[in-house]
């Protein structure tokens, strides 16, 4: 149907390798920055790569059934799909074929993959983790939607490449007051999507020992770590494209992504953890109110 | 329940020919500690993660899930009741796994040498890679132990898990001798009333 | 050609009567299946002719002229009902216990087809009542209270429609749609129908169709009725019958759209009356989804989910733009397909395990693999995962809602789809995964006809997910104008694109890459469910390892302020008041002794005399 | 049984006079008040904020009900095994939040098949302390529903390990066999 033109195929392969590598480096930056905030030396930047290699190199691998294996594979596949539909710097990849809503939904799909696998492991802790993950997702869906609607209404188009073009002409989204509110809302939701501190109810390390990922070891955990890395890269790119005007080349995009990451890290290293119904109440109070104001301003 | 363990032993392992040196380096540089503080030394581990000693420099991170963890710290005296949990958690960990025992109690019973409730020699029940002397060793001694286990992994001598697989019958005999045959069933039934 | 329509409409009814007559296990299933298959055949045959012109058929019955017409639009609705009907027939082959169920199932099938095809209010009303009566009888067989609730609300809807028809007849003097439409159109200038009357008409028709579609305040009957009827019939009940309500709303647009626009004007750029429908749809989506998440019974969960999904369609029609109609129509098809599939999966589960509560199910994935695979397809489609039909229709609705500058309504959809995701995963966890209770160990796979029925409903889920262009191209022809561009695999709207095929291909490639990484590692070893990490404690068979009861307790706590109010209890209280009033009336007036009756007569005569009438 | 409880050395000097002159301090008034209501007990003041009562075994439940108005919290049930006198000494340690005074209520019961009424009806928390006392000393608390193996392994539970007549060295030698190697038969010179 579509002629296989080798330019896109090479771009895709190059982008996947670049995104995975940078995703791991972002996780390394995350751990290093949190360590430096606590006046510790902190691990080397490439530590997540080492962790994933060690997990992949495990000599034994355990599984609770077919769906237990399918979960992480589906999560990583969905994240790679989401990544390839975002216009990253000057590479358009497939972004001309999909728009904001499709990418927003593709970024939600890995959650289903992880939940699928975690549920089939039959462990009570992972069941509690699944319950919390779903409730967080339900809670953040409304503000997340409102922020996206505000952007679309302001720029009048769903296509990400068009939004980037408009931003390069009229200036970044955050310069518009209404979209600044949407920026705040999206940043809170971004914190929950990555599972960083105030909202790491899903994998609450002390309470329910790693939440859904509890029964994952060896190569399943390696898959989940790679998925987290690619998701980190995809979501920071999505954030940059929507609010910080995308980027003409990779370096500029990298700077914007790291800036967004540092906002999340600083918030994460300060706040204690919400309980799940506090998080739900919080998401339906402040981010939703700000989101509604932003949406009404841009109508 | 006991026959289920045998397949856990007879299951063949994955030998990575090409990337073995890379994986060995990765295993050395990223050890994850199973956050299961067994005895009185559990409180000795957090100082290692604080700003002064910071074992995260070496890529060590406490991890609550045994499936992902590979370094198991036995800190302090080991009572039979805790030993049952340690054995179950140890068997859940995935294969290249290492055990490090802190303090003299797991080595030879230490101060509780004559107590009915403390296991005298931990080594009879689970293979040990590095033992650190001292009635709760100071963080410097523990860091030295960590250095030691990293050197052993690098040189391939940290083969506690291989020893466990090879002479599993001997370990199992000792365990059954202490707890009695089929102790997992009995233990599970005993706590059923409370769950 | 002419009597095709008659065969199309009344074949199921005839088959139903025959099946009821020959109440023998083998024969009535065969007759019933044939009765359900005939409409599919006729619709397939008339596909080509419908695209160009419409087929008409008029018969005069007792002085009334009934007109039946098959145009592109109602062919679409009839086709949706036919697909779900054939799947229902297959499902009922294995789950129906008597001819009674076949009779009333096929009678409601005739009613729905008649409603979609009729072009005048008499035929429309009669077949509407036939449909309601048949579905009421299906529910009456299992649970009197729920059927009574359904009956009362349907009667309210029927009376509202009757009044509306009467007013229209009085005003325009005609009963068939074409002349009414013409008269109302001309009425814009004359102004025979005042603003108040058109508002009354709008409210009457809205309640009439709202009851059947399960709109917010009138959704109370749906959970009870959907869960008490025979489960495979419920796939038709919620898949096709609720579409009759939605077809009614569409009819409202066609007949009175211009009039209502002239009367009520616009509000912030949207048609006022359409904005009301949109908000009813949005509230239905949010309320029904929240209630669906907190349910403990598998049937109640899917019942509330059906109400919520029909709320999506109402919302899409409420948006009022042509893209809104396209999205709504596409969602009619995708909802009928994945909800029908869900109900067949529920039928299979209840047939095999005999249990309906979540707390005594679990771990059925190994025991019923095919049903589980069908359930997974339905889950992916309902929660709107890209390669499925559910996503394509939701994507169109999002586009329409945001493009028409209805932000808060679009926000409601986002919340609704999040909740849909939550309750669907709750179903997956409670039924398929986790630890299997000991009494479910000898559960076998569902019988063959049920599986075929599920397969029939699963194929369109995937087909229209990967190639949504097929449906949107037909909708463009039905509306005559080019609403959604793009070829079979790509949807192009003025503001956004969605290439379904490319998304599927890239998803498959992604899965392949992830699979490669997976295969590289050590070969996996299967372990029993008791070998899990319970912080080291030994786990034995009779530990309860899965959360099956009130899975979303924190959400219930976060919402306890809103959960205090329930329309169901409100209606029950009104019913109670009405009953008490009737009792007091009976005690005081009709107390049986003749003297008081003579007194009443005397008083009435006196009043009439004073009034000077006598 | 408390590990960190310093062993009780029996006070040499008995209370001299029959009706002890209680100083007019907060503790004094408290003890006087309780002694009026429970004449069968003897109360004395060890030091500021610590009070002591001796109560005969059969009247203990009644006395504790009286004391529970003033002493709201039951901190611990300590058991002392007097092997030579063939008696267990049960010490109910109470804490009065209102007057912030710590009370020791002592009773003596014979060692062989020791029986005690439960105090769970006064302080429900007593269940755990009684189960512990039962497991380690074998005292039967009538009315406590959940006596039986509590923390220890069932094998050690039968031995009631904290009784003085429990031959620990012999038991450990039997359990751990050859790797229990650093002892000398006579307890005189331990070889560490």
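The first chain written gets the first letter, and so on, giving A, B, C and D; residue counts start at 1 in each chain.
Here is the rule we go by: a contact is a pair of C-beta atoms (placed from the backbone, for glycine too) under 8 Å apart; a residue touches a chain by one contact, two chains touch by 3 or more.
Keep in mind that what you see is a predicted model, and the values were worked out from it rather than measured.
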Identifier of the chain whose CA centre is least distant from the whole-structure CA centre: A
A-B against B-D, pair bridged by the larger set of C-beta contacts: A-B
Whole-Å gap separating subunit A and subunit B, where each centre is the average of the chain's CA atoms: 35
Inter-centroid spacing, subunit D versus subunit B (mean Cα positions, whole Å): 39
Approximate Å spacing (C-alpha centroids) for the pair subunit C, subunit D: 72
Whole-Å gap separating subunit A and subunit D, where each centre is the average of the chain's CA atoms: 60
Interface hub residues of subunit B, defined as touching at least two other chains: 11, 13-14, 65-67
Contacts with 2+ other chains: residues of subunit C: 521-523, 525, 531, 533, 535
Per-residue multi-chain contacts in subunit A, two or more chains: 56, 58-62, 209, 214-215, 218
Interchain contacts (touch definition) - all pairs: A-B, A-C, B-C, B-D
Contact set on subunit A toward subunit B in their complex: 31, 35, 38-44, 47, 50-51, 53-62, 205-206, 209-210, 213-218, 221
Partner subunit D, residues of subunit B touching it in the complex: 80-81, 108-109, 113-117, 119-121, 124, 178-179, 190
Subunit C-touching residues of subunit B, taken from the complex the two chains share: 1, 4, 7-8, 11, 13-14, 36, 65-67, 84-86, 88-89, 92, 184-185, 187-189, 191-192, 195
Contacting residues of subunit D [partner subunit B, same complex]: 149, 151-154, 156, 159, 161, 168-169, 171-172, 175-176, 179-180, 182-183, 192
In the complex, subunit C residues that touch subunit A: 268, 293, 363, 365-366, 383-386, 391, 395, 398-399, 402, 405, 407-408, 410-411, 413-415, 417-419, 421-422, 425-426, 428-429, 433-435, 489-490, 495-499, 501-503, 506-515, 517-518, 520-527, 529, 531-535, 545-547, 551-552, 554-555, 557-558
